[in-house]
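Please read the structure below before turning to the comments.
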Amino acid sequence: MLFAVTMEVHLPPDLDPGFRADLLAREKAYSHEWQRAGKWPHIWRRSGQFANLSILDVDSHEELQDILWNLPLFPYMQIEVTPLSQHPSDIALS
Amino acid sequence: MLFAVTMEVHLPPDLDPGFRADLLAREKAYSHEWQRAGKWPHIWRRSGQFANLSILDVDSHEELQDILWNLPLFPYMQIEVTPLSQHPSDIALS
Amino acid sequence: MLFAVTMEVHLPPDLDPGFRADLLAREKAYSHEWQRAGKWPHIWRRSGQFANLSILDVDSHEELQDILWNLPLFPYMQIEVTPLSQHPSDIALS
Amino acid sequence: MLFAVTMEVHLPPDLDPGFRADLLAREKAYSHEWQRAGKWPHIWRRSGQFANLSILDVDSHEELQDILWNLPLFPYMQIEVTPLSQHPSDIALS
Amino acid sequence: MLFAVTMEVHLPPDLDPGFRADLLAREKAYSHEWQRAGKWPHIWRRSGQFANLSILDVDSHEELQDILWNLPLFPYMQIEVTPLSQHPSDIALS
Amino acid sequence: MLFAVTMEVHLPPDLDPGFRADLLAREKAYSHEWQRAGKWPHIWRRSGQFANLSILDVDSHEELQDILWNLPLFPYMQIEVTPLSQHPSDIALS
Amino acid sequence: MLFAVTMEVHLPPDLDPGFRADLLAREKAYSHEWQRAGKWPHIWRRSGQFANLSILDVDSHEELQDILWNLPLFPYMQIEVTPLSQHPSDIALS
Amino acid sequence: MLFAVTMEVHLPPDLDPGFRADLLAREKAYSHEWQRAGKWPHIWRRSGQFANLSILDVDSHEELQDILWNLPLFPYMQIEVTPLSQHPSDIALS
Amino acid sequence: MLFAVTMEVHLPPDLDPGFRADLLAREKAYSHEWQRAGKWPHIWRRSGQFANLSILDVDSHEELQDILWNLPLFPYMQIEVTPLSQHPSDIALS
Amino acid sequence: MLFAVTMEVHLPPDLDPGFRADLLAREKAYSHEWQRAGKWPHIWRRSGQFANLSILDVDSHEELQDILWNLPLFPYMQIEVTPLSQHPSDIALS
């Protein structure tokens, strides 16, 4: 089942540069893992903002919770979750 | 270039049923046309709401404006537009 | 899978009383049907407001959309949907 | 009497890990105690957020205040409280 | 138990004057009835607005719902409800 | 003249316990003083929140400002002020 | 005592022109009356909006309520009221 | 002096087509007049919305008010006004 | 030309008392200077809040920016600016 | 393609003065560079606020992202982005 997930990142400007670089590297590796597993089919940058719009494709709300809760950046994020379903105007339906 | 577009529809409850059915049929046909042209690669229902989240892939802001302005439901919609760019964590980049 | 759904109802004060009574009767019957099917395990009035807080237990986002879209009061409602998952502090887990 | 209570948790990302682990352990134990007493019949995770939706069943507003004020996480929480009453569409009434 | 209730009234400016006068007269009589019963101990005008701040003292959430739902102005009101409890700084406690 | 005053308190979770206890003791004593003087006829806890709803009865806006500005918790408070007047439905008027 | 009062006017675009002209003429005459009485010392247009910022100087909250409630445009207005007091930086104090 | 002005247009969907066409034609002619006079140096469509972002260059707040108040679409607009001044990073200053 | 300016002050509660006293003294002296120059004709305390409502009378947006930017409290302020013009109901016009 | 970009700056009041001066100098130099390249045709101060309204003219969303992300003040900014297109009332079109 599909969810639109918006993640805004709020890192303190004075974060230690090494810690910050490591954090972002772990975030990227973590995201890659779930993208390769087919659970995170889309990730886009919201241009001009430290934020992304993602589409997640999970088997349950528990799996959604598990993926998001373990994001390395989770403690710095404000997250919004919207359940999606197939739209009647989708050409895949005709 | 990609845009996330959220469209919320506010139809008056007492709209003439025939007019309403025609309006929705024209909306679907119009959306199909742009989906087939590759300009509207994704459309999802926000579950439980008369609203959708769409991804548009256009050549210019004028084309974006042209597609949205001519939606049959445009006069009944509240629309939000967010420019998207490739995310550095996208596996397509690695 | 569980969703918290908040439904606020905005009926025009000058709605025809017969139409209004019929609408509310159909809403109640429709809700009863899904409650009996086990898909709508909880419905509470938000005290002092024409609104309810409901818990829905559905098999998919499409089923959620189907149940809410067909509510007789849907055209008069403002709806918010929140996906729920099991909480680690739930005693059912210990 | 029933209340819907939404609790959002805002822990500083640089909280001492031991303090944090102890805080969460005490929060769970405290919640278990009230769940066992029948005062806290439901607790759900809002998927993807450090937040829960709970239903409390208390004898008075003072008891509600007492339970929430003494939550170990209270100083880190933003709390919303909504009084609930029986809904006329509840099948328990028919 | 005590509730703070804020009631904002939104009457259409072109409401029939006779209907409006009757509505306000019935609202006043209804409020008087509950004030005399001791259930509505305070009602204040928010100066400069068609709105009041009231304190209700009820036995249950169902009674609160019953009183507010049957207000003659209810269909024209936006209502907010806040549960109150005794404050530790109240001199009645010392 | 009457004012409804809502005071939300935001104390840092890591405030020194002794300082905090002293602050709250001074706040209570200060509030008692004005309650005894008849200037602060009501104070209620908003259940489940570190906040109160108070009614102040002052002679001037300068007196209102003086009472609130000197609250020991003032630097930690977010305050909203609403002027109240007698409501035409108040039974004291009939 | 002084109040800052913001009045936003929302007239239906299809209001009868004669009714509208009469309404605005009565509003102006009514405002003139209170300005001459010294109760309405300032009225400014918020540039580019159908709205004003006014300063009222009244003897009580009841007088404030009386002046605003009887504005010919009151049924079309959204009003905000802020109590003002002398500022310690006012040179009138030095 | 410069102002950023955002104008959102809310036309009723059932407006008479002839009236609507005339209204938009008069709006365009009116805007052209002020653009030619050098008072309205920029007007951009906010893509995907019935709204524009304009820059106005006027001699006084009264002139700003006069230009906006007489817009044919004014009764259907929600307008926000922001005063602008030269930015210290503007290369025109170096 | 006139502007309504609202200034809310957010000083950290643990600011050094000497620094705070000096800051407020410099703010008062700075405000006095502009009041004497006729550029700051009104300043009122918003009762019960660390905030003021001011009227500024300046020659240009650059002068407005210069006055506000150099306020000693500017780094601690949240400021809103509203351009004002003469109101057609102002008796000074009749 | 054009974007309106609003940048609000939130610098901690206790930032080291030398660091702050260097940061602002780098911001100005960076902005100059893009203005000279024709990518940043307009930058205006929002009078009375530590904020600007800018117009950017970029070739892609990636370029927009690149310019904004590398602003020296980016970690201290809240940014809003609005895509612009040619307005049908623009005299350049007639």
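Lettered A, B, C, D, E, F, G, H, I and J in written order, each chain numbered from 1.
Keep in mind that, in the parts below, contacts are C-beta pairs under 8 Å (C-beta built on N, C-alpha and C of every residue); 3 or more make two chains touch, one makes a residue touch a chain.
Since this is a predicted model, take the numbers as computed values, not measurements.
Peer 1: Touching chain C and chain J alike: which chains?
Peer 2: A, B
Peer 1: Do chain I and chain J, two copies of one chain sequence, contact each other through the same residue numbers, with over half in common, or through different ones?
Peer 2: The interface is built from different residue numbers on each side, given that under half of them are used by both copies.
Peer 1: Look at all chain centres (mean of CA atoms) and spot the one farthest from the centre of chain A.
Peer 2: G
Peer 1: Measuring centre to centre with CA averages, how many angstrom lie between chain B and chain G?
Peer 2: Averaging C-alpha atoms per chain gives centres 43 Å apart.
Peer 1: If you average the CA atoms of chain F and of chain I, how far apart do the two points sit, in angstrom?
Peer 2: The separation of the two C-alpha centroids amounts to 27 Å.
Peer 1: Using the touch definition from the top, which residues of chain E touch two or more other chains?
Peer 2: Those would be 2-3, 45, 47-48, 61-62, 64-65, 81-86.
Peer 1: Give the pairs of chains that touch; include all such pairs.
Peer 2: A-B, A-C, A-D, A-J, B-C, B-H, B-J, C-D, C-E, D-E, D-F, E-F, E-G, F-G, F-I, G-H, G-I, H-I, H-J, I-J
Peer 1: Taking the complex as given, what residues does chain A use to touch chain B?
Peer 2: For chain A paired with chain B, touching residues are 2, 4, 27-28, 31-32, 35-36, 43-48, 52-53, 82-91, 94.
Peer 1: Which part of chain G faces chain H closely enough to touch in the complex?
Peer 2: Against chain H, chain G makes touches at 11, 13, 45, 47-49.
Peer 1: Given the complex with chain J, which residues does chain I contribute to the contact?
Peer 2: Chain I reaches chain J through residues 3, 5, 61-62, 64-65, 68-69, 74-76, 79, 81.
Peer 1: Within the complex, which stretch of chain I touches chain H?
Peer 2: Contacts found on chain I: 1-3, 60-62, 64-65, 81-86.
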